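Remarks on the structure that follows.
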């Protein structure tokens, strides 16, 4: 009620250059066919951003449909158990559809409407972006096709059903490793052929300009709220702000509005089975700059520039790149990096479940794992703000399997 | 010098009142050894040979060329193999045009300067990188220029007048007009539309205009050859490799036959 | 942010008599062993209700942990498609754990803490109350056992996993029909034996006094918010307010704070395969007063007073009784009744998914089905407020099965 | 008149310096016909017969008596069968105490008044409804009173002093002290605790005190019989039925034997 609109800052701060570059990263490395549509999109985005009625409708939907502002929750029981810094959770898990992704699809969905597009497409890894896209497509009565790697369809089955129930078509992608990057390739192929009628809703702060900027702006509500809530609830800003990084949308959403404050910003990458081998998805910690999916950024690639297969237990982090602005902030020294392995993420998942009664998404569990580790070495009057980017319901099968329980058997019988 | 070579290709074809046949194969597909033989077969009929540099994520390509990249990489093809194949074709056909085609990251990973140097040493005449549009091509074009390599540009049906001008201004060698809004291997657009576009491009630029993406039949090739300076055939040639997988001689024979047919469709003497 | 506490009314209005009777309904029909513990509970409840620090902590958790206030969303696209009254949704689906049930478990959980109990038990049907109980038990570090019918464990498998991941033990109940009423019987049996150390968190406005009152008071935030939000967003109150009825907690939560206004109040019962036969759960429409689970209320029973087996596609409505206060309001003419069959609920589920991008719980879909039917006969400037009591994620398997898709196959493969 | 009959039962036992054996079986378990025979067997040893009225949701009962209700209802037992069985026992044992025991809804569905009338006609002496505590028993007690039926009350370990007084004030016939905090069939509490409770109840009320819930062995029965006016055996007798399912004569023999053993444990002449 009486939700305070003033916490939302409509100015575009730290904008990229005209070509969409954040320092040397970003840009518009796209096929010629897409350059026209991208220019059209850019113009439409900037015009809509200045349009008060567009912004009012976006905020109205974020509040009345998505459920913003999401709470800021002091995880007292967890913090006490760790005995170090206070861990504060930004509860994006409480948004409609269960992850931050919807902040962005509401924005892009409205923009698609404004541009008169009748069809949207999306790529998805964890399925959260696909669900969020299918959701706004249903609401705005647009046709919706979602590309999803077959491996991801398996690990995030409930999200596949959800998309179908929302009226979207989920198109399995078999090429490559059947995960997020392959889905992105397929979506780009679709868009190249359909760009005149179709709006491509990219799910993270990656892709050719203006996507990284646009998606960041749509997610900035996370950090803007969190900043205001911290001041209101605790009378101060946190010492550290942390988020997991797949493409980086929940990270930029939280961190961008805090970057001008004296706060340590930390991005947590997926270390999979460990950073030593190839079974991880830590693009910044273990990769180097390269060009993929329309932008120049940190990538996991071999010596020849071939993109590597990645591994993470969490489908949403299983991507060999990262948003270009994160790469720029990292190189500029404004962003610290950390990582969590599959096992550490699972442990954090259990720990939060048992101490706070919250089942986090496996993606978010990576940020939590790093926060818990960091908190242990800090004092109880310090504060770590963690983006709880999504809820773990979509990960039940994965987690039960790991914890050695056969899901179906548990359902059928055991005490 | 190579700048001349592409130009001479088109001039030679013009003299023969026909369009140039621009043939594409992915280097190293299905493996480097067979690929070399295939490229030599292609080089018999094609005026300009496009050598695809395999990439793990060929997002502008349809299933056929995607699969070619996958086969090539699975066979262990590295960039030195690509350059070796290029040089092999160059040696066999000193007068042919050779264009390296591929994705930005492969060149970026080598360093643009080193890449351009190697490409030039391998005898390439030009380079076409699908995902380096004019906006991002400053450093890359500089590197190509330093090694006297053409920077080939794509123009698409969705390209605005301004973008066509930009392409005309920044391209050299030829302009590659994309005959459909989509990926390689899809269905070609209406010939009359393509003709209108190519005619207007001819008005904007003195460069030769080649048309490609989706040309699969001799009839399509012939109809496009009637007004374009060159006709690019890619997926159609590549499909010979998948169709005859495991049987190298049949593969080579099939490619030879289809190349010859396409070469014939370029319309010797029939061009106005 | 700046959430307005003033909308919460702390006065207990329309209280039952000292014995917990709402007119002739309600009461304390419990075994002698439980009468002492019930008296202790009643005293603790009243004391805590007057305790400002208790209430402040309850509201703080409702806001920062549960995500209250939940939005009020005008389902414009659905309303337009129907062409009648405007349908307004109270978004309880956006609460932590995904249903209104948590409003109550936060309250009872805090009370259990205050009473020094180290263990909680609960019965559950849809699993939502079980999850909500397991959640607060985890947060408050209490041991938790949840009784659940084996049939319900099958149809709401994801909720079984969730409870287990939260550290609760789910105890399958095989007796009777293996549904909610049997789980309640088992929980009562446990409590009779353990009442000195154990707090029984009942999940709806039923059971012996003080449960129906207590649970109503904990859920009244729903209607209190909705009332204030209606006034703020639309400048008026709705013409009709509607909710589905299992035991009646989401209905009382919404309707109680609106009962003194000039608003039609409608409770929607589960008509299962139709009210003609025995395959439904419409206790008021098709039952008669009787005594079960500690209170006198409307029940589905045979001529001899034996409780009948019920049927509803939604586990949360599959109960042969109803909260006594609803029975009293119905007899007093203050509550209208309606019903929806399984098929109508499924259709409403699809309709909301396709028009608004919201997957409602199958329970809530019953209220929606009735609202859609009623709306069609009303004018576009009339307004129906519907309690969207929960989200449908827990029902994916059921729905996919009905829609003729094999869930596993869809996950593995189809486009 | 029936008020006298329960009283005389206890007086008779007192005269014999022993506790009364109060035996429970569910009416109609496993079916009305066999149930009749079982009740007659029980009636040979028991001073007071508790006839359980089957109910679909016996929340105060453990697995054994739950199962008895289920068997009885599955066999089609109706309330008129229950009353018929009651009457049959009454006819066989004119001097025995008979108490109908069950859940509120069964009586409520008939109407309290009609229920009491039928119970009286069937020869019952009293009624014990598990889930009608004194707070809710106004109408019900009035109906019982009108038909000269005792209203038996439970007192539990969790009952406060006030509640014990309330029970003492509103009960008649006897007070049933629940020997454990839990459901029927669970493990009995410590004998010394029970004794303390029963002694204090004796101080509060002039009514006989019977102890039940969880008494399963002859030893337990004997130790309770040492201070209680009556010992209630329920699950233990009911279990004979499940154990010998399908074999009526074995069932009857087993019940007979265990009843006799329990009757012996009541301690003829041994009471102080």
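Per-chain numbering from 1; labels A, B, C and D assigned in written order.
What we mean here is this: contacts are C-beta pairs under 8 Å (C-beta built on N, C-alpha and C of every residue); 3 or more make two chains touch, one makes a residue touch a chain.
What you are looking at is a predicted structure, and each value in this text was computed from that prediction instead of being measured.
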Remotest chain, subunit B as reference, centres from CA atoms: D
Whole-Å gap separating subunit A and subunit D, where each centre is the average of the chain's CA atoms: 66
- prompt: What whole-number Å value describes the gap between the mean CA coordinates of subunit A and subunit B?
  reply: 38
Task: State, to the nearest whole Å, the distance from the C-alpha centre of subunit A to the C-alpha centre of subunit C.
output: 33
Query: Are the chains arranged, by touching, as a line, ring, star, complete graph, or other?
result: line
- prompt: Mind giving me all the chain pairs that touch?
  reply: A-B, A-C, C-D
- prompt: What residues on subunit C touch subunit D, complex-wise?
  reply: 19, 27-37, 39, 175-176, 181-182, 184-185, 188-189, 192-196, 289-294, 296, 299, 301, 303-307
Task: Using the touch definition up top, name the residues of subunit A that touch subunit C in the complex.
output: 1-4, 7, 63-65, 67, 69-74, 77, 91, 93-96, 98, 134-139, 141, 150, 153-154, 157-158, 160-162, 164-167, 169-172, 225, 228-229, 232-233, 349-350, 353-359, 392-393, 396, 399-400, 403, 405, 407-408, 410-415
- line: The subunit D residues in contact with subunit C across the complex are 55-62, 66, 70, 73, 78-79, 103-110, 130-133, 135-136, 153-160, 163, 167, 178, 180-183, 186
